[in-house]
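Each of the two complexes below includes chain A, the first together with chain B, the second together with chain C.
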Partner chain A sequence: MAAEMEPPTLGDAGQTDFREIEDGEGFFVSTVTTIESPEPSSSDPPSMPAEGISTNGPKQEDISLDDDPEDLFAEATEEVSLDSPEREPILSDGPSPAITPVTPTAMLTPRMGLGTAEMFERALDEIEEDDSGDTFDMHIAVSDPEKVGDGMNAYMGYKVTTKTSMTIFSKNETTVRRRFSDFLGLHSKLASKYLHIGYIVPPAPEKSIVGMTKVKVGKEDLSSAEFVEKRRSALERYLMRTVKHPILLKDPDVMMFLESSELPRAVSTQALSGAGILRMVNKAADAVNKMTIKMNESDAWFEEKHQQFENLDLQLRKLHASVECLVCHRKELSVNTASFAKSAAMLGNSEDHTALSRALSQLAEVEEKIDQLHQDQAYADFYLFSELLGDYVRLITAVKGVFDHRMKTWSKWQDTQLLLQKKREAESKLQFANKPDKLQQAQDEIKELEGKVQQGEKDFELISKTIRKEVSRFEKERVKDFKVVIIQYLESLVQTQQQLIKYWEAFLPEAKAIA
Partner chain B sequence: MRQEERNGGCFQKIAIIARLAAQHDDLQPCCTFITMTSTLDDSEKEKARSVSVDLNNDASLLIDIPDALCERDKVKFTVHTKTTLSSFQKPDFSVPRQHEDFIWLHDTLVETEDYAGLIIPPAPPKPDFESPREKMHKLGEGEATMTKEEYTKMKQELEAEYLAVFKKTVQVHEVFLQRLSSHPILSKDRNFQIFLEYDQDLSVRRKNAKETFGSFFKNMVKSADEVIISGIKEVDDFFEQEKTFLLDYSSKIKDSTARAEKMTRSHKNVADDYIHISATLNSLSVDDNTALKKHLEKFADLFEKLRKVEGRVASDEELKLTELLRYYMLDIQAAKDLLYRRARALADYENSNKALDKARLKSKDITQAEEHQQQCLQKFDKLSESGKRELTSFKGRRVVAFRKNLIEMAELEIKHAKNNMALLQGCIELLKSN
Partner chain C sequence: MMEEAREGSLSVSAQTIRVTEAVRDGDALTFIVISQKLSGSGEYHVARTHEDFQWLQQCLFSQEVVPGILGVIFPPLPAKPQLNAPTKVLKQLGFLAMGEDWRMYCMALETYLQQVAAHTTLSKNKCLENFLTSSEPPGRQRVRKGIFNRLSQAMEGMRKEGHKDVDDFFQTERDNNLTLTGCSKSATERFIDVVLTEQKLAVACGHFSTALHLCVEQEEDSAVLAFSKICVKLSEVIDSIKRNFESVAENNLSTLGLGLDLESRCQEAEKMDELKVAAEKEFDHVSGVAKQEIARFHSTRVELLRQALILWCEKQLETARDTSFRYSEHLQAFKGLGE
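Then we have the complex of A and B:
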């Protein structure tokens, strides 16, 4: 696989960047994702910093423009223009809506004809083809956590460095500073745009009141340092996962997040904000709805996959719990080894036989080094193994969410169909009554509903198709991730054993020297 | 519910295991599974007697414990003697003994005046099945959350731990007897002979409740003595040094023993975690139908192998380090006791001097006082002479034992780590080539 990484179309910077990725930086040495990098265009509207997009590929651009209905497509005709005024609504930092899912109905209204829908679907196909060929050249690092401010209003700022040779980005290397709520805000926007049409949007790291409070209060101890490191690492993985998704990568919000120096504060990610409360209400409503929707699954594939993901979820959670246990016990082992080392040293001091005394002191030193080994191994247990599992448990929640959205889409379609039927019945009744305007109204409504039914069916088919592709991509990623991490983890274990051999072999002659 | 089971001890444990066995046909009943037959060959037995050295070399009196049984609350040891000495009735015989019999023998020896100048080998600790018992409770409680294979493995682990505790207790009891049999003076003790030979129940000779209470008081008095006696001015440099050394070393080794025990326990916990991880990885691999299947399978398999090695690391550490420290902690206590007995003799001698002076002043009972003074002096000298000998050989014994065990531990650690590495590297290669 490494051999495939020849980026013929990319610039020189591409070569170096690749080597970076190859060297196994970070945990996600991903070498394959499909992005076809379009040729840089010279007609970029200057107000769009992330625009390197050529106008000869509007089809592809369409995909990333799923958004609020009160938007560009309302005015577009056959071709979607990328002029700034229309783009702005997408980038608005309005209340990151966690409100009822926005269906891209506007985009694919019958007025547009079937042209756009076809283009959209064809574009999806193209992306699928791209999967096998092109190179993904991007590396994001989250680093340098720094506390900003004081007291309860303090927060951690992180440096986000993006290195890429992909031309959709304006620079090869960008550095910005972001805070945690910015990441949450990004996720929130992506989720609202893509989840309901079947894209698996990687979940953001979780909030932690306890963890953050300690940091805010200024407690400079080991556990808050660990917390910050854990979060930093999680944020990095989150970003990398997000950009590995070919659709999400091109999302303007993502690009803005990575490139623009100032980002409007994502206030609506706070738990107690209006949007936050709305989120909670919607979550509850969703849960209730889920229970009441009984879907006739005509597609065995979905049935099978749904079950599969349920099982996977269970097993991964179990494994995650076991690995967390292991981390805990290994940390304990490290602590106990250190404590034994100290007491062995004291015993050695107290020992009056010289050679034995020296040997005991050496034993104490060995055990001290071993305690450090255990600590390092616990670190590897956690960051390699445990966090991977945790990430996938959350990812699978997103996958299940996408399946649920499909169900909702189906349900909506069915409801519309039922409504249409009722209206038809009502209309036929009106035929005999002598109310011509009511009849006309009924007939108009029926026409509209027929359109909606058609749309509902299309939506359902589209989301089904999207999910199939997404699941396939997800599985590929999962296999890759796990394969890589398993080997890395095993290598960490090997390291520990090698060191153990070294330490004990150094100790052995000391023990033999006791006379 | 659990409390009764705790108190019930072995018998309850048998009941629990029998119940588990009924559910899972593969488990052997408790009694047979923990009967140790002489299946260990000699070389293994030799290795097992690791904390003390050079025992059981004298063919005139050979003692071992080939067999033991756990019944209800008690462990029954079969003490087997092979001797060429005429003082015994038969050349080869066995008797059943309980832990309390060993304690009786030890205490009797301690109370024998003639042995005041000797280090009496420490009494073997009471058999302690608390740890595997706790594990069994946890296992029973967690049964519902585990897969069948996981449960089986945990059960195996539990059985192994139970067996390890059992072996350990047999070993310490055996070593106690062998220390006695290899001691030139103690081996000839009459009570020792009774212990080995008397084919009836020894319980009539054992302390009854009243006597136990009495010995409690005696220990209290002894502690008070210790306080007074450590204040006495020592006349002999050797003993002064020994006293300082032993007092300090005693507290340090006690501390080390406790911490070593915690350390090896943590190690066991890690090994146990590997079982759960391996089992879940297995389940994942079974359900998986992607390219990951083989990976997960091998990964699961590896963890299973690794945990066996880690388990051995933990138990070897326990035997070579924790048990070593524990044994010498007890032995040092016995050495301290010798010092105190001698110090008491010194105090008695000094008191007798004072009494003699008083008698001389009063010109009354001078001969008596003189005799008494002579006796005290003799006793003190005897204790000092014998004590010096004992303490010197004790140091030698201790150094040799530490050396042997530390070397063995280091060698085992290296062996296990190399084993681990081979397993890991093998797996990595397999996975990379896939």
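Then we have the complex of A and C:
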């Protein structure tokens, strides 16, 4: 059975397609046919890797594809490979992430009603464009936070507006309402689908009990308004980061989040749901594994990068702390300036000498205006820098997570190899014990394990390759992100200064006019 | 060897008096006072301590009681500067304790000397001449009692009884003075807070800039290199911001800060004067002089504050323009980065 090696098989009718793909042409055609058969095939084994491959055949063919001089196709191959034959139920609350890696839903779901060939090409285009230019054209805005309900069951609803000219979306502009747990739900789904195969999934904004309680209780003060604004901005950045990722953009969960008017309540984000408990179990298992896995790193690149990210983590945290300090002082300056403005006004009022009095009152006004400027600048400092740095500290956690998954994948592969070895030893013993049944069984098991080992190695290579690409993408995005924010900040600085100059220029004649 | 304080005229030009620096001498500060001869033939360099200034002040107080001297508003002398003083003491000095190397304090002393030298009556005091010109430190001999004791007695009496002034003019002046003293003190303190915060911001910027330098990696990878470049450029921007804060704080200190401080102390001085006047028996004569003094006082005060405000505004404007230019440069540099 040629079927289940990764690249071409998108459906259960794998065999024929595979052979066609061997030709190197008709690649798209074959996959078109495959995909149009929308067998959910959830009854099938959940993922390909789990199945045994008996021959070496597919492997060879696979290699030939990989060696295809047209790099483009080879990459496309891998992209396609992620599109498993089976479609997860859209809400992907299905097979738990703990047991088997959940391969992501076909990114080309027919429900979009477009020719899948087009989509494939577009997928390839995306991959190309990812490196060369920016034809990504999409803008998401999160706005209009509105409190829904009362008391402790209240929540904040946000309006999510998507504007795009990309044709994978059914409309140019869509508006939906979402609540915070919806965003968390989206992230949870994406994480369960993509993290373990090496994709850096942007983390969602953090829950905040204190912040939300204030909002629920109805405290209408400056700090809760700030909290809501901070959250709104964070949600917007989260969505933009998610859709900037060419793979995640095409995920049906993402598209559903952005387009569908009703979204089933994401209960799996709550702590005590089935999925929640599973998550806790996973986390514990992960922690233990991390301590026990000692990986023989054969690839220096990973070693270096891992170290680099550790360093970056520390540096960003330091920067974040510095900026927070800056923000704090800035706010203090604003308070003090306002205070001074008031006392200058009082001084002006008590002053008999008219011209001096007027000048002092003007002084008070100037100071008040400067105070306003300081407040605006504090806003800029905060939302631009501090949040950016915070985002990146969290992103790096995701990056480190991906590196950890690679370690786990390696470990699994090694474990399977060990098991295979044991079975082989057992088999050779059985050769001499005259038990044909057991011998056959052992041989069958060995065949199965051999397949698993091969799959394990493949998985490891795949995740390594994916991570390399992802890291490269991450670093480019990082440069872009920072540059954009810094330019925005500088522009605000320049503006503030210009305004300040105007104020001083206006005040000078007043000062001179004191007779 | 000093002559008795008598009529005489100052041989130096009042406006040229400078207190150029403060030299640390163990636990004490010595101030260098430079003034230009009226004859234009050179200048006087003398070194004085705060004790010497106090001596001068006492000399002025203890002048022979000439008609009208009691109405004079004596220019206020800044309180004694203490090195290694506890924060509370320094806080009392307010603005004068700030600024590097006691620069603010020197400027306050300078203003004091200029005011004394410009005063029609006080400038004639021989002590001033000696103070400014004699290479030897003025004697620390005990000063004559003179009016000084009478003043303190009178003031004590006033404080205890809280006299109401016989003359409406003076009463109004006192009331105004009271309000203004309060207001200007409060304004000065608020302004100090502003300057201190600006200085804190400058320091915080410095830390941020340093933290950015820590992010620079010597990597071959182009994306990592690009990020390092960004960090370096950003730290330059933050340095500019830091310098801006430092300039702004400096400007605040040296112009308006000083002006406000002087204003406060002048108000205090006026208050003392009014107390004297109210207590004095030679009221009629004194009140004439006092009214003149008060008028003069006000016009000087207004002029001083005006100058301070103008200077402040001009300096801040200059700083703002300079900074704006630098920020624009940074912006251009950033936009062109890594194209």
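Heads up, the rule we're going with is that the second predicted complex is superposed on the first by the 374 of 515 C-alpha atoms of A that agree within 3 Å, B and C clash if a C-alpha of one lies under 4 Å from a C-alpha of the other, contacts with A are read in each partner's own complex, and residues count from 1 in each chain.
Keep this in mind: contacts are C-beta pairs under 8 Å (C-beta built on N, C-alpha and C of every residue); 3 or more make two chains touch, one makes a residue touch a chain.
Worth saying up front: this structure is predicted, and the values here are computed from it rather than measured.
If you put the two complexes together on chain A, you find that chain B and chain C bump into each other. In the superposition on chain A, A:440 makes contact with neither chain B nor chain C. Judged by the touch definition given at the top, the superposed model places A:505 against both chain B and chain C.
Using the contact criterion defined above for the overlaid structures, shared-chain residue A:325 touches chain B and also reaches chain C. Once the two complexes are overlaid on the shared chain, A:354 sits clear of chain B and of chain C alike. By the touch criterion stated above, A:454 is placed in contact with neither chain B nor chain C. Once the two complexes are overlaid on the shared chain, A:472 sits against chain C while remaining clear of chain B. In the superposition on chain A, A:483 makes contact with both chain B and chain C. In the superposition on chain A, A:223 makes contact with neither chain B nor chain C. With chain A used to align the two structures, chain C clashes with chain B at 115-123, while the other stretches in 115-123, 133-141, 349-357 or 367-375 stay clear. According to the touch criterion, the shared surface of chain A, contacted by chain B in one complex and chain C in the other, consists of residues 308, 311-312, 315-316, 318-319, 322-323, 325-326, 329-330, 332-333, 336-337, 339-340, 343-344, 346-347, 350-353, 355-356, 359, 363, 475, 478-479, 482-483, 486-487, 490-491, 493-494, 497-498, 500-501, 504-505, 507-508, 511-512, 514.
Across the complex, chain A meets chain B through its residues 308, 311-312, 315-316, 318-319, 322-323, 325-326, 329-330, 332-333, 336-337, 339-340, 343-344, 346-347, 350-353, 355-356, 359-360, 363, 475, 478-479, 482-483, 486-487, 490-491, 493-494, 497-498, 500-501, 504-505, 507-508, 511-512, 514. Within the complex formed with chain A, the chain C residues making contact are 176, 179-180, 183-184, 186-187, 190-191, 193-194, 197-198, 200-201, 204-205, 207-208, 211-212, 214-215, 217, 219, 221, 223-224, 226-227, 230, 233-234, 237, 241, 298, 302, 305-306, 309-310, 312-314, 316-317, 320-321, 323-324, 327-328, 330-331, 334-335, 337-338.
Every residue of chain B that touches chain A in the complex is listed here, in rising order: 241, 245, 248-249, 252-253, 255-256, 259-260, 262-263, 265-267, 269-270, 273-274, 276-277, 280-281, 283-284, 287, 290-292, 295-296, 299, 302, 306, 395, 398-399, 402-403, 406-407, 410-411, 413-414, 417-418, 420-421, 424-425, 427-428, 431-432. Contacts from chain A toward chain C in the complex involve residues 308, 311-312, 315-316, 318-319, 321-323, 325-326, 329-330, 332-333, 336-337, 339-340, 342-344, 346-347, 350-353, 355-356, 359, 363, 472, 475-476, 478-479, 482-483, 486-487, 490-491, 493-494, 497-498, 500-501, 504-505, 507-508, 511-512, 514.
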